[in-house]
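Order as written gives the chain letters A, B, C and D; numbering starts at 1 within each chain.
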Amino acid sequence: MTDLQQTIETILAQCQRTEIAGSVYPTNQRAGVAPDCLAIALVTINGDVYSTGDDTQQLALQSISKVFTYGIALEDHGRDEVLARVGVEPTGHRYNAIFLEETTGRPFNPMVNAGAIAVADLINGEDLTDMLNRVIQICSQYAGRRLSVDAPTFTYEFQTDHRNRAIAHLMRSSGALRGRIDDVLHLYYQQCSLLVNAVDLAHMGATLANGGVNPTTGARALSKEYVRDVLSVMYSCGMYDSSGEWAYRVGLPAKSGVSGGILGVVPGRLGIATFSPPLSKVGHSIRGLQAFEALSQVLNLHVFDVFPAQVASE
Amino acid sequence: MTDLQQTIETILAQCQRTEIAGSVYPTNQRAGVAPDCLAIALVTINGDVYSTGDDTQQLALQSISKVFTYGIALEDHGRDEVLARVGVEPTGHRYNAIFLEETTGRPFNPMVNAGAIAVADLINGEDLTDMLNRVIQICSQYAGRRLSVDAPTFTYEFQTDHRNRAIAHLMRSSGALRGRIDDVLHLYYQQCSLLVNAVDLAHMGATLANGGVNPTTGARALSKEYVRDVLSVMYSCGMYDSSGEWAYRVGLPAKSGVSGGILGVVPGRLGIATFSPPLSKVGHSIRGLQAFEALSQVLNLHVFDVFPAQVASE
Amino acid sequence: MTDLQQTIETILAQCQRTEIAGSVYPTNQRAGVAPDCLAIALVTINGDVYSTGDDTQQLALQSISKVFTYGIALEDHGRDEVLARVGVEPTGHRYNAIFLEETTGRPFNPMVNAGAIAVADLINGEDLTDMLNRVIQICSQYAGRRLSVDAPTFTYEFQTDHRNRAIAHLMRSSGALRGRIDDVLHLYYQQCSLLVNAVDLAHMGATLANGGVNPTTGARALSKEYVRDVLSVMYSCGMYDSSGEWAYRVGLPAKSGVSGGILGVVPGRLGIATFSPPLSKVGHSIRGLQAFEALSQVLNLHVFDVFPAQVASE
Amino acid sequence: MTDLQQTIETILAQCQRTEIAGSVYPTNQRAGVAPDCLAIALVTINGDVYSTGDDTQQLALQSISKVFTYGIALEDHGRDEVLARVGVEPTGHRYNAIFLEETTGRPFNPMVNAGAIAVADLINGEDLTDMLNRVIQICSQYAGRRLSVDAPTFTYEFQTDHRNRAIAHLMRSSGALRGRIDDVLHLYYQQCSLLVNAVDLAHMGATLANGGVNPTTGARALSKEYVRDVLSVMYSCGMYDSSGEWAYRVGLPAKSGVSGGILGVVPGRLGIATFSPPLSKVGHSIRGLQAFEALSQVLNLHVFDVFPAQVASE
């Protein structure tokens, strides 16, 4: 296990040596987050925590939040009803494409903006405040501590949201969205603005790796029957239009966000988080991709790389 | 292990009771294959064979052959060179779409026709005959017996291939294809016309499940280092524009073909084959889909359904 | 000139004999407009009026209003500034496509919804009321009488406008729209709800045919220098994704609206209007198309059918 | 009439002063055509000829040939049969797009490559030689002298034609093409390689302006009833995906070719030709566009600019 600590420190040092020239998301710029801030954290399903770098730096969840609200929607409505509203196919298009399935009018999957907005529309609650409280509470169960919303991030998103509003109105037109658009987008931007550090995020991944139970607190954040569904869409669609390349090179269920975080899950073993703000053109953290490729290779994490050990022993 | 035999017999009986109304591919119609022909076969990585139904009925590999030629291309040129020529992203489009990656001019992945034709162009060989002999020989190593080409299937495909020729010329225009188009398509239709029965196909899957070595003959069909790559593209792209739904519901690397076969791989455990000609609108065997959903559920094969047993025990 | 009256009566009778099975737009249904209502009207540039059928039946202008607001935008900002905001290319897509020019972010042309909404954003005025008053006043100058807005049509459109709102937010995101979206759409739906009968509409066309001056009142509705621009976009884009077929068969600058009207202009000669609510799948009045094809043929109106008379005489 | 000569000389001088930086088509480069070669020619329907600049320089017709073969197809099969095989809608896509009408499988119009190849398939003839002879003979009637094919252009096109072959196979697959693809493309590249100078080309335009009869020779090249159809598709689709902008700014039926020629027709008045090899990104002659804009303005040629004279006088 000391091996794991040493492994992430080695990889962190490698990543720090790499030149980075990507863009930094505006809310990070405005908040003064250092572009060379970098953290890697692992949490095992036994609750062991390994972290290195700027692991107390908080960033907004942004699109990573889509993973957790999809789980809430599954619990609130069941698999069939959620599938009827939001598909599970990768799109081959940008994450903010204004684009629904032609025959069904559904968004393609819950990991693109259209799908995540449709998922926000599926969160149960007496009113908007109640819905938001549930989202915060459940995300906090994944993280193992009470999370809070970053007001500047929320306000920035709300102020610049014309593209998402276009998506929401298109979905209302197709029948994919039913609630008040203002409320749905309000909730969506609140979930995107939840602050976590890398250790929090690794706990969130470990909760999924552990079948829905936070390995440190023992609290259940997601019913076991829906963990598989959440991991499936992360694997197929979590890295947007480079999900295929990620599946080929890294081979883990994962989700990236524009603030520079990447969440990875090794089912039955680990949650992984990386933090580094500069983004590639596709919108992923550049050093995060580098760290995950290295981790996958060194720790043999690719979901289809099962042979070196297993095959020999069987 | 008797459990496995009983499981597939029960599932076969269930599938037989289902009404099917799908279309049957012309080469099957002309060859007089019974539309209600149905077979299920499993081969473990220990070489145990379980099969039921019409398991001696031979069908052409068709698109399932794309799996094996992709492996040959990887061995002939290495991962980087193959990636430079053929991508690994799902497309969101039909398998026969005339459509390349905009920035690279590459086909999207080796499981759609464009990608498979580009892969055929990458098979090494002194001449066309030599290339074909290598493909037959290596596919035969997967199957564990000498396979042969069905002449009427080859001729039918060659005669009706205008869409694939359009794809080939488009790729020649973008630089994705370099060989003589007639030769490349000749080789492609030959590989599609290789005949297998369900037990052969399950052996082919078991060879992948076993890290590239046929568990019955002990012959290596694919270097271990490329098995992961082949399984990755099967998982992401093997079921065409319903790959996401397959990953969600069944959760196995798989490949379907228009003659009615579906190949599945449970890495480290099993190869699975189903045979039933009637096809859904997407182009998959209807009863094959049904059988795989049942198998995945009963045998707990979903790649992210690791918790019921593992989590509890760790 | 009595010939013209007889011609339209003959054509009306032919059209009435044709079975029609198209859909009727909801606002017409709710207002109790008879589906078999039919009118044809011609106004010459000398102010002679010919009409037949239900020529006092009023219908909302709907998309036909796009013609007149485009003229206002040209007068308010000049050709170059308007071109910088709204293109002049036919799209090959549906009139309500959510789709902008890739390199410029502009809507394709002022005859599709996106372009017309961008044009509404270009109408000068101190406030929304002032802008609306200008639109009503100028449209009234085209018609030669004071037009008024149909409140139920306005309310219906405002209530069901999610697709147009999606378009507006997308244009705000691309920079193509600058005003408050609520105001712009409010104005757009008001202009769409202006009521005219077939004789009014034929006067509006005659005003364009006459270089911008209403031939009956002598009032100028549009500067002569912009008449050509308005006619050009009507010809290229006015009949949506069947503009090419219209140009081929009928060969006149024209614009259709979902309430069942079609406006045609024979430059230097005539304004033409037809009214008949049932719509084809493309969204044009079925009997209106039929009447215009007959008129074009009988009266030799196709813009490129100049030879029978002219060639012989020169 | 001396005015016309002076007008084109003035415009030629203006165009020569403009810096040009466009690309020159390979066959022009290889043939050593000077990039600054420039010619303007007008022929009236009375047979008066005005020309200036390099008016004996020959260039291949390239896409301009599509105009004349469309006329032949109309004569060979009639309007309805040709319409059933090739549409008349502008596409909004590039001229070499691999793209057919979704519902019909037809190419969009005869001015894009797909449509022109489908039109070549419609030319009657006992064999390929006979078909070619008819095309040469009829094009020669338009020009008023015997035209010949440029062998290097033909060979270059034939050698680099993978994109057109892709289009042809796609059309064969959709049923839009019926002949042998090799023959159809052979004929298509021959027609594209016909050599003309600017005066020839202006005669070809004057023949269309004159209702199908060459004004110099008196020979009929096209039945009068199809002249309107040819002019209609030139106007709607002749300038590819900038046809709308051309219709807005210039307002004439026209057709451009990659060798640097542009053909314009003023029905009932003039044929116009410009020659200048450097091309814009869309693929039009840069100085040709400039010359046509100037000619349209000075000579008042825009089809909807009928008011300055006519309206005043009526």
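Here are a few things to note about the model shown:
Keep in mind that, in the parts below, a contact is a pair of C-beta atoms (placed from the backbone, for glycine too) under 8 Å apart; a residue touches a chain by one contact, two chains touch by 3 or more.
No experiment lies behind these values; they were computed from the predicted model shown.
Relative to chain B, the most remote chain by averaged C-alpha coordinates is C. At the interface between chain A and chain C, over half of the residue numbers involved are used by both copies, so each side presents largely the same positions.
Centre-to-centre, using mean CA coordinates, chain A is 32 Å away from chain B.
Inter-chain centre distance (chain B to chain D, centres taken as mean C-alpha positions): 49 Å.
Centre to centre, using the average C-alpha position, chain B and chain C are separated by 55 Å. Residue positions of chain B touching 2 or more other chains: there are none. Touching chain pairs in this entry, ordered by label, are A-B, A-C, B-D, C-D. The touching residues of chain C, when paired with chain D in their complex, are 45-46, 87-93, 108-109, 210-211, 224, 227-229, 231-233, 235-237, 241-245, 247-248, 251, 253, 267-268, 302-308, 310-311, 314.
By the touch rule above, chain C contacts chain A in their complex via residues 98, 162-163, 165-170, 172-173.
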